[in-house]
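Each in structure tokens, the structures are laid out below.
One chain, chain A, links the two complexes that follow: it is found with chain B in the first and with chain C in the second.
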Partner chain A sequence: MSLRSILSGAFSWSYFVAIYVFIFLPVAVLVLFSFQDGTLPIPPFNGVTLKWYAEVFTDPKLMSALGNSLNVAFLSSLLACLLGFCAAYGLARFRLPATALQRILLTAPLTVSYLIIALGLLVLFNWAGVRLSLWTVGIGHVVINLPLCFAIIYASMGEHQKNTERAAQDLGANGIQVVLLVTAPMLMPSILAAFFLSLTFSWDEFIISFLLSRFDVTLPVEIWSLLRSGLNPKTNAIGSIVFLTSSVLLVALEIFVFRAGSGK
Partner chain B sequence: MTADVRLEKITKTFKDFTALSEIMLDIEAGEFIVLLGPSGCGKSTLLSIIGGFLSPSSGRVFIGDKDMTGVPPSIRPTTTMFQDYALFPHMNLRDNVAFGLRMRKLGRRERGLKADEFLDLVGMKASAVRKPHELSGGQRQRVALARALAVDPDLLLLDEPLGALDMKLRRQMQDELKNIQREIGTTFIHVTHDQEEAMAIADRIVVMNDGVIEGCGEPVDIYMRPQSIFTAGFMGEVNFIPGKVMSKDALEFAIETALGSMKIPIDAFSAGTPTPGEKTMLCIRPEQLHPSSEHTVHAALCQARIIDGAFFGTHFRCHLQPVTAPELILVAHMPQSAQLRVGETIDVRVKSGDIIALPSNHSMPNHETM
Partner chain C sequence: MKSASIEIREARKGWCFVVPALVWTIAFFVVPFAFMAAVSFASRVSRQIVYTWDLGNYLNFFSKSYLLKGLFVSLEITLMVTVISVLLAYPLAWIIAERVPKRWQRTALILAILPFWTSYVVRSYSWLLVLSSNGVINNLLLKIGLQEPLELASTTTATVIGFVHFFVMLLTLTIYSNLVQLSPNYQRAAQDLGANTLQTFWHVILPLTLPGIMVGAFLTFVLCIGDYITPQILGGNNELVLPQIIMLQLGRRADIPTAAALSIVLMLVVTLAYILCLRWLKMERA
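Take a look at the complex of A and B:
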């Protein structure tokens, strides 16, 4: 081997290591110090204990926030997927006025910062007299996830499926049967992808949850209020749990959606 | 079941483009009809109108004497076999075939049995629980056919169903389609741009071009006695020799061409008898030109020089340059046994009954598949 190829090999390996260290070191540190046997999540590392996890799981406020987060994530993602699917189906299959403009309007919220969306919703809810609750948080999450669901599902609707839907019609299926028995099952990989992505986004989301909730809060908001009283290995433990949940969702997405989809 | 079809003055326009103009067609119950034409001729549009996926701008569609013009596809007694098969990817083959029966509220067990019956008809019963993506193109084709037939349609519409298959498989599927159609007796309307496929399966061929019907008849008639220059050219290779009608006696016309004066019998004019002075186009198929060594009973057409030749297995395909009209290049299929040398001048003969004469004011086909 020439010196040149050794050098370039060494460079690409160090680049590879550097990029993953850059991405995952903070998470690794977070997870590591969640096991800290001491009261401060900072070096030196004193030893391993699960006591902070025990504290998390016995903290009623954290546990109810975790439940709230799951509920909000699940229901808002379901609704975002349903609405996104309907919008995509309508725009892909029917001749509607100003299709291009409608597509832009539907996806535009993707480019608006969550803070602005949250402020807008806050003003709107105040004006309409809607009390802040987990429901308003859920509505906020539908607002941010609907464009994503729409974009993912719309992108997967092609001409090929159109003929398959026609075949179903031709064999006697009515409009609703076509959608339920043919279109939705055919698009299931992209619908699931949209659902799982919405789930992770809603699960992690802070700004909207913070501004649009009052007494019942989601997990990120609860973590934030914990942080106000200073760093503590318990916050690391709950942070690790949040991270683990997101990872599980991503792995599920990979296995059930992308893996299954690539088999065809 | 089976039904007849009547198309009455079907016209379809898209903005300022006329896809079909005043199509009139009667199809008998149990017929195997092929709509044949180049891409863009309107054949698929016509099929969509019969199936109910498009509505005509004007005109009416009757199936089994019922006016079906405004009836949606789900209620028509028709099913369509799509070019891309359009199988349901998430269902196994049995569920695919049973789908139409399920829509007709048949019980699970009953429709499963009936689906198996139709899978058996197309030779796919052993794969009933497989998914479409596990199958080859030809197998998907069969399942699509079984699915379309399982609901017992009066009329099966086939939209270039064999287009994606390779040559050998296509021939095999053509035979199978023909056999299945004979067995079940359903009216089939099949769209294709392949004239050999049309001749292989059709009871009657409908040749279309630019939104009108150019010719309609049994394969032999369409090939041997075309009624338009377009049909003649689209159905296979043909030599066009322009001429002028000079005079007529009881049985023959005298035609003046670049190859000299010829006597053409009256029944050669398949699109109607001309009047003297009119232009005409003589059509001679390459296989109807013979070298002088055989068939000495045939009339001499001209003397021609062989420009080139290639062996095609069943024949030699040669380009010939007539001595008296060097600008008119003829294509001839000479027998396998012919001893032909490029550059040689031969006597070219033709049976005068083989020549067809057509009015020459029609457009020539642009046929890419030949």
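Take a look at the complex of A and C:
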């Protein structure tokens, strides 16, 4: 090994480590100071306490926001997946006019920032006299997740599945049986991927939830109002919980969907 | 004749699958957007929206200097973030693709994007812990011997750092997937023809991954310029970006027409970037 390759190797690895430190620094600080035995989540670190976690779990506002977030995320992702799957199936399996236009229409919300989607819905709901609630937040979340679900599921609909579907049809399955018993199970990895991705997007979404909710709010909105009190270990604690939840979700996605998918 | 009727029946079945999603998108995306576009030509007269159908809200861009400034600040921050993120992410993606052993690459990537999945709001807040005047960095600097804490939080620098943190993760992912798709033959061929590592990179690898970088950079641009959270938490109130100004119109002033007009401008900027990006990609392919 020449000196040069050793040097370039050392340089690569120090760069690698430096970037990972940069990426993990804020998260590490967040989690570390959620255990801070004191009122400020900044150095010096005084010692370990679980006080702030206890405060999070006994805070009725935070807990109801957490429940709201889970509800909205679950229901809106379910609906987005269902609508996206049906649209993907319809466009991939039937000869319809203007399919390109329909695809563009269905994926168009991806290109518009959440702020603009939220503002548009706000104007519409104001005009129609619809009261803002978690339902209006959910509608917004389906709007942002539907194109994603559609695109992911549509991309995985290939010709080889078509043959299996035709075989099922020849064996006497009716249209709905084919969709439910043949197509959906074959596409399950991408349906699950779309569902989990929607779940994480909805769970984390702030601006739509902020503008389209009133009294009941989702977790990011509640955290946002916590931020007004400045640096606070309680915010660290709820932030760490959110991070843990998303990480578990991501690892689950990796193990159950992607690894299972690539193993085949 | 019979086959035609079957075809019609088939098409009808197909519509049944597609129509719900289409209706949803039209009702809750196209229609609201049209509404917003219409409202942007209205004005607010004593807390009521009056449809005056004029360009007043757009002309304000030229009469009220803080609006134009907001647009410039937005563009400045976004371009800075995009360039810095690409420059930081590319070497990392390259190291993961080339230096990290194959079986660890996936783990390295997952680690790199793990903080990506923390709540967006919480991520900006945790940078506040690091950057604030009594935060981690200043604490360290004061210990080393700095006399006064640096003003890091509530500055444009903090906004840029927060953004770069987010987009380095995103870009590493897109650039990595581009790099591993390249056939190792390219590299081997270049080396056989006498190119050294640097030359191989500059003349072969980089041009081949440029389209992927552009797509990632475009994504960064779009997400960055439309974001309200990071500048609001980290940037403070000195140099407002366009989304902050939009939210200000909505909140304190309840001026929906102005907010709508600003949003349309924001969208036009994104569309312009999209067209430029597309044209560049076409040129590259030609």
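Here is the rule we go by: the second predicted complex is superposed on the first by the 264 of 264 C-alpha atoms of A that agree within 3 Å, B and C clash if a C-alpha of one lies under 4 Å from a C-alpha of the other, contacts with A are read in each partner's own complex, and residues count from 1 in each chain.
Methods note: a contact is a pair of C-beta atoms (placed from the backbone, for glycine too) under 8 Å apart; a residue touches a chain by one contact, two chains touch by 3 or more.
It should be emphasised that the depicted structure is a prediction, and the values quoted were computed from it without experimental measurement.
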Combined model on chain A where chain B meets chain C, clash or fit: fit
Contacts of A:Thr183 with chain B and chain C, given as first, second, both or neither: neither
Which superposed partner A:Thr218 touches (first chain B, second chain C, both, neither): neither
Partner chain in contact with A:Ser76 - chain B first, chain C second, else both or neither: neither
First, second, both or neither for A:Leu171, with chain B first and chain C second: first
For chain A as apex, the angle formed with chain B and chain C - C-alpha centres, to the nearest 10 degrees: 100
Touched partner set for A:Pro109, first chain B, second chain C, both or neither: second
Chain B versus chain C, judged by how many residues of chain A each one touches: C
First, second, both or neither for A:Ser202, with chain B first and chain C second: neither
Chain B versus chain C as contact partner of A:His160, first or second or both or neither: first
Distance in angstrom between the closest Cα atoms of chain C and chain B, superposition on A: 6
Touching residues (chain side chain C, partner chain A) in the complex: 7, 10-11, 13-18, 20-22, 24-26, 28-33, 35-36, 39, 88, 91-92, 95-96, 99-100, 110-112, 114-115, 117-123, 125-130, 132, 134-136, 139, 165, 168-169, 197, 222-223, 225-229, 233, 243, 246-247, 250, 256, 259-260, 263, 266-267, 270, 274
Footprint of chain C on chain A - complex, ascending: 8-9, 12-13, 15-16, 19-20, 22-27, 29-30, 33, 40-44, 83-84, 86-87, 89-91, 93-96, 102, 105-106, 108-109, 111-117, 119-124, 126-127, 139-140, 142-143, 146-147, 150, 175, 200, 204, 206-207, 211, 219-220, 223-224, 227, 231, 235-236, 238-239, 242-243, 246-247, 249-251, 254
Contacting residues of chain B [partner chain A, same complex]: 51, 53, 72-75, 78-80, 82-84, 86-90, 99-100, 103-104, 133, 147-148, 151
Contact set on chain A toward chain B in their complex: 160, 163-164, 166-174, 177, 181-182, 185-186, 188, 263-264
